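A, B and C are the chain letters, set down in written order, and residue numbers restart from 1 in every chain.
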């Protein structure tokens, strides 16, 4: 600190010219935040990227919002009523809701936003749309859902945090085709987006909207009163992890969303920096196989990988040496949540069975064909998993073809249903936020409907039946039983292989207070001294 | 002179067109698909197809090329697939940092390298000459990012003299501007300086052994006068040539430097666009770079005529 | 230009004497060579050392360079792991040794490929007037795209593999070779003995073989060494930006790219491959310098 002050005094006259920049950087009304990835576009319905959702949460408000127990709480809605047969839901909006152009938020805006969202939300929105008789605006403040069959999980759909989130936009913007990006960013949330200051790949700025009236309750994740204590929030995109960490140490930024785990000891030692786990719900590593083509269309081949896979290797590679950051996960649901179960997960426990794996592979008829392993090398989590998989497959005698790509290309290639040797694939990696794996509702990865499932296209009638049972379940005890069986079925049929449960850190300057643990950065109630 | 100028300018047009066709056609046959990237992690294959169609990525090559060319000539470089912003706007946002970086690097390199080369030539055969040459070869042999990280580690993190990353416009003050850019400029300029120093030295050596120089020495003209007036003027042509050619190396190095020091410039924009297959941005930026390079070389050719009246095509 | 003979160092050299002096001893000749061309000697020796390391890597390495051991990740250099381990527990020392194979292969292959393509095109352009204009316009076009961007763009089109990296970098480098060779061809074509050869009916390929190629050999060799150095750094840069050789094959660029995020806490992961890369590139550059000085002092100006 002393050296910097010395430099400033010597700068003298030039320092006067320098004043605006320096004073802004030290301004307690400006928060400088480094997000997990680049914010390349800003339409949270059109894309399912987490970083877009996180920015959108500043700009738009939601009808309901999940709190830190993942229970939906009313946000823009004042009250709701369900009919006796459970098929009609009527909602009334709060008063005083305004868009950033000071137009009031009306039911027609809500209906348009819901319509756009339903098309793109495959986990719940599509199901709601199919089940819907009508969705109408009764008057300016009231709107109504009329279902063909009861849909008890509606509030969770309206308030969930898994992408795409149901953000409420003005009718004219929500009328945009769900497969085209919106170009206007008029929001309903606590902050406006400064489009003229947006430099994609480098910086995005948000400014507080004075016309936003937060709820009375205390804020908790997406629920409660969203009180912003800053005039501006500046997102700085720093893709180089070492540079980001250096910037935090040098007080050039205030808050890092995803510091690299290996740099955490350095940040912990740094006097002005606080470090803590970012989300107790953590993340689940995902190992997806292609069920359409050999060898993984044969359950025995999938089983071979499953019994040889060593979750400890994966987790260490992903999060490093800190044992507190990861856990073995012999199940598909998030540890620490109500529906967590290890039923059926014995395949992933205990000493690994390489010889048995080799035998199973032989039985499945594997004859050394190349296995196309897609690895996104620009994302540290997927690269770490990919490297460990390459090693694992070699251990059980498979012929790995390590295909290094960037995250974007993996996203494209995994959509291909072509044979692996003709532009398709056999294996790819990703990870899911723990918040999205608490139950089957937001859980796209668990769906085993075959050709209409998520990439990998697992098919398991048993799993589908159990999912349907869970949706129909009415109390927690039933849910738990069903989930236990579901877990077992998914393990038996190897829908996909979880590579473990891991948490990440976030880091911030000590003069910033109010930062909480959540699956996404929560900006309300944060302040800076 | 004017005729020469016009002829040179006209000669650059087919080159730029060639680049445009080249870049455009390369990307056209590319297997990457931005539509799937945009669709995001949880999208279905049908979603991806619809996005492709909505972006117009399924029309024939020539149609797209001529349409694009027509737009470019009207100043419209298209719209980014990913950000929905006009490409010209994105370039305008990021051009200042890159130009600032390269200008500072150029000034720094020229002011350090040319005197170094001159001194090395003057003290040819002595240890000064050898040291300069060794330093130059080292500078030429180290990757830019290694130098960048070393400088950042030493001056920003250990000594805390300078910031680790970022860019401050010169309109906000000269000192903050320099503080942000000095480390990147040094990292970027090292290779350039090495190249310039070597060429300067070699050219000066060549010139110094010329007859007319030895005549001037024999006549008793003071040595420094010889060096800086006669020799340097004659050495200017090859030096300027290298400045021009090295410009492309500078752009390449700028990409890496911008990445290490998080400078929001064109280099990083281009690399991101290429890896994401954001076609309009790639086309716009590469066209801009090659156009700049062509203009720089045009300037170099014109400077030739200033320094050496014998060169007149 | 001068009335007496200058050698590479700028010293006056006596004219050649008749052979009345005894043959110098073998040892004297080698020492004499080293004395007169220190850069070739030093550069060549270091390069030869690297080549030997590359060839004998399997014997010099302590463990399998691709063997993962996540439980032993990021250990500092010790008796067991001479250069430490990386973020997946792989031995950095063994990886650096194997990395020499990739970097040297990329360097040499690019130099060879660029030379071959460039020479062919240069010859074609030099001899065929109507093709000359087209070829040179294309070369100008290629040269006006910064090399790194061209290489990344080409890599983005295809799968990451060593072959594709070599091709991508070679494409960025061959225009300069083409220019060089074309220049030689054009200047030689005006020479009386070449004109005479053409007039007397000697076929073009023979003229190329007998007159043109020998004269291109010297500048080409020098240019090739610089291309080699540039290609090795190019591979490192491509890997740094995420568009280089596939990470499963250790290369110096790869190892540095993977370790760059940990630069502040575990600098040895970047440090060791960086040292090796710098030394090798340095050696190649010195070799090129020495060759240039030895073969033709006048080339110093041209290059």
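We take it that contacts are C-beta pairs under 8 Å (C-beta built on N, C-alpha and C of every residue); 3 or more make two chains touch, one makes a residue touch a chain.
Remember, it's a predicted structure, so these values are computed and weren't measured experimentally.
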Margin query: Taking each chain's centre as the mean of its C-alpha atoms, which one lies nearest the mean of all protein C-alpha atoms here?
Written below: B
Margin query: Please identify the chain with the largest separation between its CA centroid and the CA centroid of chain B.
Written below: A
Note to self: Centroid of chain A to centroid of chain C, CA atoms only: how many Å?
What the structure shows: 47
Checklist line | Computed distance of Cα centres, chain C from chain B, in Å | finding: 22
Notebook entry, point to check: Roughly how far is chain A from chain B, going centre to centre by Cα mean, in whole Å?
Noted result: 39
Next item on the list: Would you please write down the residue numbers of chain B that are in contact with two or more other chains?
Entry: 31-32, 149, 157, 259, 275, 277
Next item on the list: Enumerate the residues of chain C that touch no fewer than two other chains.
Entry: 242, 260, 263-264
Checklist line | Per-residue multi-chain contacts in chain A, two or more chains | finding: 240, 242, 246, 378, 406
Checklist line | Residues on chain B engaged by chain C in the complex (per definition of touch) | finding: 14-16, 18-19, 22-23, 26-27, 29-32, 124-125, 137-138, 140-146, 149, 153, 157, 202-203, 205-206, 209-211, 238, 248-249, 251-253, 255-256, 259, 270-271, 274-275, 277, 282, 286, 289-290, 293-294, 297
Next item on the list: Show which residues of chain C lie in contact with chain A when the two form their complex.
Entry: 66-68, 70-71, 73-74, 87-88, 159-160, 242, 246-248, 260-266
Checklist line | Touching residues on chain A, where the partner in the complex is chain C | finding: 240-242, 245-246, 260, 262-263, 265-266, 312-314, 316-317, 320-321, 375, 377-378, 380, 383-384, 387-388, 390-391, 402-406
Check: Inside the complex, what are the residues of chain A that reach chain B?
Finding: 3-4, 7, 11, 14-15, 17-22, 38, 40-41, 46-49, 120, 122-123, 163, 177, 179-181, 183, 198-203, 236, 238-240, 242-244, 246-247, 249-250, 252, 378, 406, 408-409, 411-413, 415-417, 423, 430, 444, 452, 454
Notebook entry, point to check: Tell me, which parts of chain B touch chain A in their complex?
Noted result: 31-45, 47-48, 50-51, 54, 80, 82-85, 90, 93-94, 149, 152, 156-157, 159-161, 163-166, 168, 172-176, 259-262, 264, 268-269, 272, 275-277
